[in-house]
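As structure tokens, the structure follows; a few thoughts come after it.
Order of writing sets the labels: A, B, C, D, E, F, G and H. Residues in every chain begin at 1.
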Amino acid sequence: MDQHDPRIADLGFARVDVDRAARTGDPEVVYGAGKTPDQVVAILRALHDKHPERAVLATRLAPEALDIVGAALPDATVDLVARAVTLGPLPTARGTVAVVSAGTSDAPVAAEAALTVAVHGAAVDRIDDVGVAGLHRLLGVRDRLAAADCLIVVAGMEGALPSVVGGLTGVPIVAVPTSVGYGASLGGIAALLAMLNSCAPGVTVVNIDNGYGAGVHAARVARQSVPR
Amino acid sequence: MDQHDPRIADLGFARVDVDRAARTGDPEVVYGAGKTPDQVVAILRALHDKHPERAVLATRLAPEALDIVGAALPDATVDLVARAVTLGPLPTARGTVAVVSAGTSDAPVAAEAALTVAVHGAAVDRIDDVGVAGLHRLLGVRDRLAAADCLIVVAGMEGALPSVVGGLTGVPIVAVPTSVGYGASLGGIAALLAMLNSCAPGVTVVNIDNGYGAGVHAARVARQSVPR
Amino acid sequence: MDQHDPRIADLGFARVDVDRAARTGDPEVVYGAGKTPDQVVAILRALHDKHPERAVLATRLAPEALDIVGAALPDATVDLVARAVTLGPLPTARGTVAVVSAGTSDAPVAAEAALTVAVHGAAVDRIDDVGVAGLHRLLGVRDRLAAADCLIVVAGMEGALPSVVGGLTGVPIVAVPTSVGYGASLGGIAALLAMLNSCAPGVTVVNIDNGYGAGVHAARVARQSVPR
Amino acid sequence: MDQHDPRIADLGFARVDVDRAARTGDPEVVYGAGKTPDQVVAILRALHDKHPERAVLATRLAPEALDIVGAALPDATVDLVARAVTLGPLPTARGTVAVVSAGTSDAPVAAEAALTVAVHGAAVDRIDDVGVAGLHRLLGVRDRLAAADCLIVVAGMEGALPSVVGGLTGVPIVAVPTSVGYGASLGGIAALLAMLNSCAPGVTVVNIDNGYGAGVHAARVARQSVPR
Amino acid sequence: MDQHDPRIADLGFARVDVDRAARTGDPEVVYGAGKTPDQVVAILRALHDKHPERAVLATRLAPEALDIVGAALPDATVDLVARAVTLGPLPTARGTVAVVSAGTSDAPVAAEAALTVAVHGAAVDRIDDVGVAGLHRLLGVRDRLAAADCLIVVAGMEGALPSVVGGLTGVPIVAVPTSVGYGASLGGIAALLAMLNSCAPGVTVVNIDNGYGAGVHAARVARQSVPR
Amino acid sequence: MDQHDPRIADLGFARVDVDRAARTGDPEVVYGAGKTPDQVVAILRALHDKHPERAVLATRLAPEALDIVGAALPDATVDLVARAVTLGPLPTARGTVAVVSAGTSDAPVAAEAALTVAVHGAAVDRIDDVGVAGLHRLLGVRDRLAAADCLIVVAGMEGALPSVVGGLTGVPIVAVPTSVGYGASLGGIAALLAMLNSCAPGVTVVNIDNGYGAGVHAARVARQSVPR
Amino acid sequence: MDQHDPRIADLGFARVDVDRAARTGDPEVVYGAGKTPDQVVAILRALHDKHPERAVLATRLAPEALDIVGAALPDATVDLVARAVTLGPLPTARGTVAVVSAGTSDAPVAAEAALTVAVHGAAVDRIDDVGVAGLHRLLGVRDRLAAADCLIVVAGMEGALPSVVGGLTGVPIVAVPTSVGYGASLGGIAALLAMLNSCAPGVTVVNIDNGYGAGVHAARVARQSVPR
Amino acid sequence: MDQHDPRIADLGFARVDVDRAARTGDPEVVYGAGKTPDQVVAILRALHDKHPERAVLATRLAPEALDIVGAALPDATVDLVARAVTLGPLPTARGTVAVVSAGTSDAPVAAEAALTVAVHGAAVDRIDDVGVAGLHRLLGVRDRLAAADCLIVVAGMEGALPSVVGGLTGVPIVAVPTSVGYGASLGGIAALLAMLNSCAPGVTVVNIDNGYGAGVHAARVARQSVPR
């Protein structure tokens, strides 16, 4: 492989794939876990230099990393709930993704999903605190569910929300189990298994707490949907 | 221990505890799995001889065992769906247990629960096929849920039904996960974990497919409840 | 859904369901894990304002949260062992729940269960340190077990206590596995599995360390029981 | 609930939800596992009578059930590989789903996915035997991958195919783990975990061997996509 | 290794270690699972020829293997419950092992343990059907428990019996979990975990259904104990 | 139960069973995990007051607890490696237990086992660093293995040592898996499973890191063995 | 991809990669599980036609498949123990692989490994029945271990053999866990975990019962080794 | 065992096997986890004194241990990424091992593998950041893969890289799963299972994060390979 392959930016500690947009149409993203704040800053800069016309995203940043990255990159936008940073202008939104969450504790995952959707070019409708133990809250938003091009449904504990939502609408659903819970929730495994076994057809699932992955899938679906 | 301890009936292959009613108020029950039909017949006879005035119950009988036991005990009542047999008169019912199930495949477990409730002295209200993917079915029976003294909620796959029911009513709930499902349902573990992590307060859980255990608990609760 | 739906209190960071009492008859409860002390205080105040005539409960508070909440809400009652706080007057008790625990280390879970029972309107009889390795302690309290309307049995390690209690009495039992143990206890999974497989009929189970869930179920059963 | 609720067809052994199309836009489907061939025939007939203008689908039929159902319903189309039956005319296809599979043993799951897509109103492009151990086969079909509106990627064993496909294209992907494998494949758990942890963004996952669920999601996405 | 090593008997399909007695003092044993009846007969003959003065044991024989081995070796003793065969005279017993079991379904494992103890040179006291849900049965045999040199305690389901026995006596205990149970018993894992976490000190554990292993350990302990 | 039951010492925070010696012949032991140093001191004092003539043992003490307990009880003996404390004179030893360990990291568990053996009245022979990857070390101590009345074999990682020791001698063996390892050792589960599946007959097993439980069993065996 | 790609043989039910030898130097192999005997015959014929000068291998054939394939391909060699078939001449052997197995029940896996080695071009030395519970058998073959270019070590149950062999020699080792065992062997998971945690350095592991995979790796190593 | 056995160095806290080189040809290695820096220094000195002519290796050192060991042993070489230290001259390299890694986060494991290879006498070719989601990077280095005598392939998350590499070349492969990932990666179990189920033949696997074990195996293979 040529050392000067333009599809790769060599930062010394990492050889960054700066070609993904060409292959997949998606923006570049930095997974911040396990990287130092300085490494995150360096990668964000390299990606932004390569693609200044569109936002790059860094996820899974610890609180202190959010501070350092925000200070080092004054043009960046810091989302404290999503624990994420964007640098560069958000794209124009095509289509809409509704991000539906069960409880207050699921907020960080829902926020990561929502920000990812925006960075990947779709509009977001946030619908929070509609857990299944108080159905009136969910039944009150049926119109907003039906108006979306794709749904991201975020829940921890028993992970029942996607099944109930899936019975109310035929919009494509991506379910995100969260690690909210204790004991036999097994760090989110209980919610993950529940979602994989949903009796509502067409529910697809991503990894525990993976708001980012759900956001990428849902934004792709929304972007390519016929406008209503 | 005295060989003639009246609390024990020695059948050779088993020493049967015929004293449980005295200690717990519940009828005698034969767990049929792993026993030959002849053993089931012998134990049922021994228990019936000891307590002719009330029903004894045998559960978990294979189809051929149901045939053999039914033929050997013409006075017995065979429940093919519940895979169970009763011998002796059912007690007068005090209180009501509603047995709620999610899907058609859950019928054997729901039937075992219902029969157990009846044998243990409470009335039964069966509410079937009210899975969460079609909420209108469940919302249509809210009055029957509220009228019960205890609820048994039976579901396989993602096991979401107890959480939704638990958000609709304050009646005590016993959830029964079933082994209905495949792949990541792990033989009912997914439903079991979901029910243990229910966000609805006060949901208690029994072993997978354990309609019997749920029935005993629910009947005890119903029997001692203040009549409405 | 109307922004002014009286069933929901919108605190900004959370939209609180203040309607549960109407649906289920139970008091409002705040699950404190994952919430800041300030959020707990705000939710307790909102619920207390809505329902000043009865106690609200906050559980799973870390030691420092107990301090802050206690200081911010001088009328609140802090239970250091249960790691919980109540605000508002306890209801008059109907019926009795005996809270039975195996060992000293199970005390926090037993205390959470006991406080939950009291907040939900039943009387409590605490029976501690009656683990199965010293049967004489348990056999000495058989009368108190039989006098209760519902039993909560708390145990970690091998989780055998509910089976032994269940053989001594016909009172409805809710078993609570605790995370007390090490190695192959798997954080309470060993006790949970044991309780789900209890050979004593009618034992129902809640999540590991879930004293709250057991308390809600048991209090409902006790409240509706015919007085003795 | 009214016994004559037109949204429910009561067959005695089951109360069938015949209203799903109205709520979700999807056709009715019978999950055949755990049902007798006669029950499958009865439900198919009831659904077909209600909706004669569009296909109904029965999945997970054992070989002998396929024979019986095919004989009882001469107008039905039997798919031996997919172990499924359709009754009624397939809808006109909108959009295209490419069903990509790794190995010969994955054929039943891929066939179930493909038939489900067709019944749910999208065109299918089958791409088989493109496992990652022979990359030239996959690289040879990049144009067909890019031309689809949604991809279903089916693989057992190590489940690596979705990650590799996901690096080649930005089309939305649904990954289906299969139970093909032995030993540490744990009945498909290894492939399921791999797909949930895919390093390629936007891969969503369904239950092991759940070609049906993947087909529903993918067809919904394809149907609503802007024609190319 | 010399082909004529007298410590090894070469049967073609197996090279049998005929030296174990010299190293460990224990008799030779054939593990029958996975071997054809003819192989079991051949190995039993080879071991019996080598050590005609003491019994050899074959365990884990299927019902048809028991028939064939019994017919081929008329001098052998067949134990249908233990699914085992002995050939050659039992040794004189030194010390006593009490084999305690919880329920009727545990009989095969208890029988295997008891026969193993006898073949390994200790006397056996069988105490059956003393499960913890009926404590009076167990409390009635305290003298027999205390009189043994070692206890084997056999139980399935929740596996609580060793903990209760361990609280009643200081005799060394070997606990044997059995695969009796269903659902969350996980084939005996629940009982195994419970026994490993016993709150009674000094309980040791063997593999699920491993009556043989428990018998070897207990017999060794009993044989070397000071006579009482 | 009488508040003045002499078999129980009520310390307020705990009701201590001071009767175990009468029932089982073993000394009293305090399990220190989850208790404050002050609680450990109080329980040790209560037990020592009750039984000044023999040692009481406290295990699983954190480093700071060892300091505090040692300072508060100047007559106590602190074992830093075993993380344990004894108070009162050790009993005269009858019989010998060899404590065999595989590697340096297993030392704390081996030390806990050895101290427990001494407190329970048997002599100890420590044999360390004889892991199976250097067989010459183990083969060099065969005589010491054969001279013991019971063996405790401690190993982490793959847990192979008990199988190899079990092939060398017929002395009763208690295997102790340790949590030494990483990744697929799963916190000691790998070693635990290996020991439960030992191909050497008569190996019994205790919980991960449970040197105490192994020590109790082994000491009981050694104490009752015929002197050699 | 061109339908006439010479690297792929299209058999209708499968598109066979006939190019692997060019990429990897290894012969073609048919994994028989899940394929009908007719499919195996067809694929063997296609591969043999493409590469008549060297052997092709079919593994994991059921007994009846072995019969049918043997009858359909009279030139094939059937290995009943390995449950495998070869067609075409074996290559000249370079280097030697010793296949070491613990017990008689491991023979099918050891035979599959040995046949795979031969088909992949290395000589085989079989060393059977050298389990760790009888070390003298293993110590007697140290010279043969040291003389090999690569070792395949096959064991079930506790899987200890690779650790012991790894302490005796510096020859590269591939460990193969087998599904031999019961209960807590978990179908070979116990042996697999043990081997992954081996304290002997340089032990690598393949899937449970995967004699084929071990054979490929070991033959590659042996073929490229400097002759001794 | 003689206290003066020259094969063992007794350091008081450990009895070190200094004979491994004689048995296996490999250098001595200190596993640093669970040892104090002083213990590591003492063992390294003892091994270096015994074998001053070749390097000894210490792995798994925490950052502060790296500082202390580096200061105490000025002649040592500290590798901060590999978290390891060597003391003494590296051997002359025979053969080449390519260490291939998927992502930046896998660097510590890849570095440990590479250093181990060098200490064990083979040359290293590092190929980093060639994860399967960007295949062009991997396809660009096919020549380097083919030129190696053995490949170590390091990957976390879904662990797909070894399968893809194994389809490109016939060089022996050792796969190393890493603990990089979250949620359903289960600390590296997902990658481990994927690698064990690789559809590419001949892939062998070591424990999660076990770069050292992979390095030992690969170096042995490379050292004995015919030079190209």
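Note that in this section contacts are C-beta pairs under 8 Å (C-beta built on N, C-alpha and C of every residue); 3 or more make two chains touch, one makes a residue touch a chain.
Molecules present, by chain and UniProt name: A, B, C, D, E, F, G, H = Nickel pincer cofactor biosynthesis protein LarB.
Bear in mind the structure is a predicted one, so any value in this text is a computation, not a measurement.
Chemist: If you walk touching chains, what's the least steps from subunit C to subunit F?
Modeler: Minimal hop count between subunit C and subunit F: 1.
Chemist: Compare the contact pairs of B-D with those of each option in C-F, B-C or E-F, and report the one where over half match by residue number.
Modeler: Interface equivalent to B-D, from the options C-F, B-C or E-F: C-F.
Chemist: Could you compare the number of C-beta pairs in contact for B-C with that for D-G and name the larger?
Modeler: B-C
Chemist: Of all the other chains, whose mean CA position lies farthest from subunit B?
Modeler: Ranked by distance of C-alpha centres from subunit B, the top chain is H.
Chemist: Counting shared numbers against all numbers at the contact of subunit E and subunit F, is it over half, same, or under half, different?
Modeler: Mostly the same residues form this interface, as more than half of the numbers used are common to both chains.
Chemist: Between subunit A and subunit D, tell me the centre distance in angstrom, where each centre is the average of that chain's C-alpha atoms.
Modeler: 26
Chemist: If you average the CA atoms of subunit B and of subunit E, how many Å lie between those two points?
Modeler: That pair's centroid distance is 36 Å.
Chemist: Roughly how far is subunit A from subunit B, centre to centre by C-alpha average, rounded to an integer in Å?
Modeler: Chain centroid spacing, subunit A to subunit B, equals 44 Å.
Chemist: Note the residues in subunit D that touch 2 or more other chains, in rising order.
Modeler: Those would be 23, 133-134, 166-168, 183-185, 189, 192, 196-198, 207.
Chemist: Which pairs of chains touch each other in this structure?
Modeler: Applying the touch rule to all chain pairs gives A-B, A-C, A-D, A-H, B-C, B-D, B-E, C-E, C-F, D-G, D-H, E-F, E-G, F-G, F-H, G-H.
Chemist: Report the residues of subunit C in contact with subunit F in the complex, numbered from low to high.
Modeler: So the residues of subunit C in touch with subunit F come to 104-105, 107, 128-129, 133-134, 136-137, 140-141, 180, 182-185.
Chemist: Going by the contact rule at the top, pick out the subunit C residues touching subunit A in the complex.
Modeler: Residues 1-2, 5, 7-8, 13-15, 17, 19-20, 23, 33-35, 39, 177, 179, 187-189, 192, 207-210 of subunit C touch subunit A in their complex.
Chemist: Which stretch or stretches of subunit A touch subunit D in the complex?
Modeler: 23-26, 29, 149-150, 166-174, 192, 196-198, 201-207, 212-214, 216-217, 220-221, 224-226
Chemist: Once bound in the complex, which stretches of subunit H touch subunit D?
Modeler: Contacts found on subunit H: 102-103, 131-135, 139, 157-160, 163-164, 166-168, 181, 183-186, 189-191, 193-200.
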